[in-house]
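In order of appearance the chains are A, B, C, D, E and F, and numbering begins at 1 in each one.
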């Protein structure tokens, strides 16, 4: 597939169009709203499903191949908040606290972006390593720690670290991803068969519904674009591109396949908007949520799922 | 029916604070609490959640002293950076000893 | 299939029996209740699914065949509230406001009745045109406008027109139906494949669950039957029969297939109980909701899904 | 802790009125509001929704003047045709300037 | 705007009691009620449901006499064995005749 | 399959592992929580699905084979609360009221345990009679009546019997099970086909999600273990073993197949934690919920689904 085909295949997939429909519905002030409980139910389902599938595939992968990607994940998870921080301070001239808060988000990861990347490579007929969900879980944490540490240096009034960390480590996305992975690993591919119609076949459809809701939510954020200024808009697009290319390249070095490094690039490029905000809100209450949420959810998320993923995939094709 | 007068203290706060607010009011002397999911807007606006009913309403029935302690604590700790409001009014309660 | 077979096939289908179970559960005062959120989730799913499926089929239909049915829809959507209004005023002797309010409901459309008709012709092994969901969306609106206009003539105290109209146009049923249709149209049948297990295969089952809830809701309305009087009960059965036959006939003239005109007759016969009540409540607060809700939801809805649909189908067979 | 006395005005209304009630209380001077999903029955009974928790409770903390204006407005506009009730009582609020 | 003073009686109870509490307050003279799903903890703790928001808050606007009757009844019937609390306070109501 | 294989097959199935994950998540104080509405939605789905499937199979079973098992159910449903009561009074030295309350729970039945047993024999490649769901509904009721009667004898202050009974008879589990059974019976296997993807294929997956939530709920109960004392912990394990073996044996005598008597033994062994608590709370307010809920939900439920079911199945193999 050529680059343009890849791009169009992504843009014209049901999940991206559903996302666009959500934004559109919000713009025309439709009363379409997802109940909170439906959002929660869908996210529990998606996280567990992605874990189960990964685990079952992992059960047939030699464990050693996991080591390289694991180290790569930890390295990039510690590096990307620092690169983000310096760009935000030097070029964006943000204050220390807000820069650190945003850095924590860009180092961490958006699970939905990961899922969209998985769905994309599936469409493209390529597969990724079974342990990719484990990398997502691994990537979620260090950046938040590094971000909070940066903020702490030189600040007396320490927020509640322990609570913030627990919020992330025992947060439901980690528990469901790793839990699903463990179950899939234990029962293996054959053991997963009875639940396949539910967790595997239904997956893309449920994801479509979920992205409709993400569109509704993102649109609310778009209204704050003016408040965050042009620099942050640019940051929300350029930073993921740089991190994404870096991720694809490092992923390839660490031994990941074509699909695997495209997905890996995507998660490195993605910015958290669930785990990081909750942790940062507790540990850095002085940071302004409008900045970090609008950047990660209002700019980077839509950029990544529409243009970013096809881009990282193309880069992976070049480097392969 | 013999009743006594106590204070009903109501705290409306962004959801991320739920657990620690419960811990803190208990430490300050509340013997129980009631939680309601609410939505709302005020002067501060944005907070760190796009999902889940965004606020919680925490109601505690307490003596005047405890009410004062809770008011002081919440004002000092949360008012600057978080979306939190607090108000209180007297109520008539049956079996008031329960709330000591 | 003979008429009786058709009738029995409908009555003994899981979806109708689930509806009956819902009514029964309510009569014995069971604590069975659907959470509001489940109702909302199911209706989002059903509307989007019906749109997607219709859109994908539409992508393979020449567009010109759509013109006749479209005009037929607009014509009947403007006519049926007027016929309803005159019957209600002349024969039922209702006051102007309540007659106009009920007329708006009977001109508009019940999406669930439409879905049940689709499911019915599927069962009967017949297919309908892919653009039928678009007709539903088109039919939902004019009748409400006409109904409100009738009420307005000669009344000084105008309700909030703009709000009422926006309520309908940007209402979630229109947005999801048309949005789904657009997505289906863009991605086509092959693009829909990944989400088929979720949106297509699961459809009938989800519909069964939904009709169980509709039974619970309808039963609550049945208790108000006494309050609305015998005339309205008769109106709720005879009016849909007349409109239904008219719809089947006009649908045939406009070029619809057998299945298509049966479904078209059904939607013309159906009465709104979601969009219209919300709009009418805002624009005509003096109208009594007990009248319009009990008639449309308590009488016409159960009549249509049990006896009406097989009847319109039989008429379509005769006329074909 | 210095507090001031304001009014807590509570409106319980059928859900279809939610958005316009919020708009109106803001126009009349409320600086914020809190919404709760509730169910209920009163003297009027039926309304235009069979689904969704049928009522909303809208609470606003306002000065006496604004409270009076809201009360007048809601009574005049909604009481005749809609299922709506309104009541109010004084509460003690910290940092009262927020509600002006 | 002419208002009258009535009592707002609030009962917070474990969910299993919902239907019978509604029946009973109506029998004792309440013309309506408002229900909210709430969660909470108090001195008694456990109850017979692990699911569904565990408590309901039942609010009724009533005259002083009815308030007293409800208070007596609920205290006598439920306080010993069930997780139930009750409190009340005066409110200003428009069109008070509705609540008789 | 040998006994150990059977045990491992059960322990390493996705549904049991999901249950364990739920307990684990609760222990590490994860914020993973199922919204109440998701719990309700899943239980409506599971109950209706199990009824539909049973009904469709029942439609091909000669009715007479149902008589023996029916009588066996009524007999054991009246006997097991009495055996429980005497053990609780004599050996446990509990007071009359608490003993009766617990006895009502152990005579009655846990539908989820039943569903887990069905899933287990499916895995083991064995089938059970189609009318098993009907037996579950039948078993739910007598024990609660007997339990309340025991408590009543010699106690003046009668609780509200009528309300308690209605709570059980018109409770949603009975209505959905029997309603589904009736629908399945009427439409038969072929009539169920359109809803099969939803209700049959999706079943195991939905059950997995449900057991994850059950793990979260059970874990909360485990914290009360200390409060109930060692006797009740032992009772919660030994009583089901005895009742289970009795059930398997009587089920075999009544003509049930291997799979059928294993499942029958399981339901006799199981203790109610939904219907019984609600009824007992109303009729016997003096009884302490910590006792009956912790025993049935905290001890017997996890025991049965992990070790109990394979045990009863093994016993059924011996006796077959």
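By our rule, a contact is a pair of C-beta atoms (placed from the backbone, for glycine too) under 8 Å apart; a residue touches a chain by one contact, two chains touch by 3 or more.
Worth saying up front: this structure is predicted, and the values here are computed from it rather than measured.
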Discussion item. Under the document's definition of touching, what chains do subunit A and subunit E have as common neighbours?
Written reply: B, F
Practice prompt. Could you give the separation in Å between the centres of subunit B and subunit F, each centre being the mean of its C-alpha atoms?
Written response: 41
Practice prompt. Could you grab the centroid distance between subunit D and subunit F? Build each centroid from C-alpha atoms only and quote it in angstrom.
Written response: 47
Practice prompt. Round to the nearest whole Å and give the separation of the Cα centres of subunit D and subunit E.
Written response: 20
Worksheet item: Mind pulling the subunit C residues that touch 2 or more other chains?
Response: 35-37, 40-41, 197, 202
Worksheet item: In subunit E, which residues are in touch with two or more of the other chains?
Response: 36-37, 89
Item to complete: Go through the chains and record each pair that touches.
Response: A-B, A-C, A-F, B-D, B-E, C-D, C-F, D-E, E-F
Fill in: Residue ranges of subunit C touching subunit A (in the complex, touch as defined)
35-37, 40-41, 44-45, 48, 52, 166-167, 170-172, 175-176, 179, 182-183, 186-187, 191-192, 194-199, 202
Worksheet item: Which positions of subunit E touch subunit F when the two form their complex?
Response: 14, 16, 20, 45-53, 80-82
Worksheet entry | Complex interface listing, subunit C residues touching subunit D | 36, 39-40, 160, 163, 217, 220-221, 224, 273, 277-278, 280-282, 285-286, 288-290, 293, 297
Worksheet, complete the sentence: Listed in rising order, the residues of subunit D that touch subunit E in the complex are 12, 36-43, 55, 57, 68, 71-72, 75, 79, 85-89
Item to complete: Mind listing the subunit D positions that touch subunit B in their complex?
Response: 1, 3, 6, 8, 31-37, 61, 89-95, 98
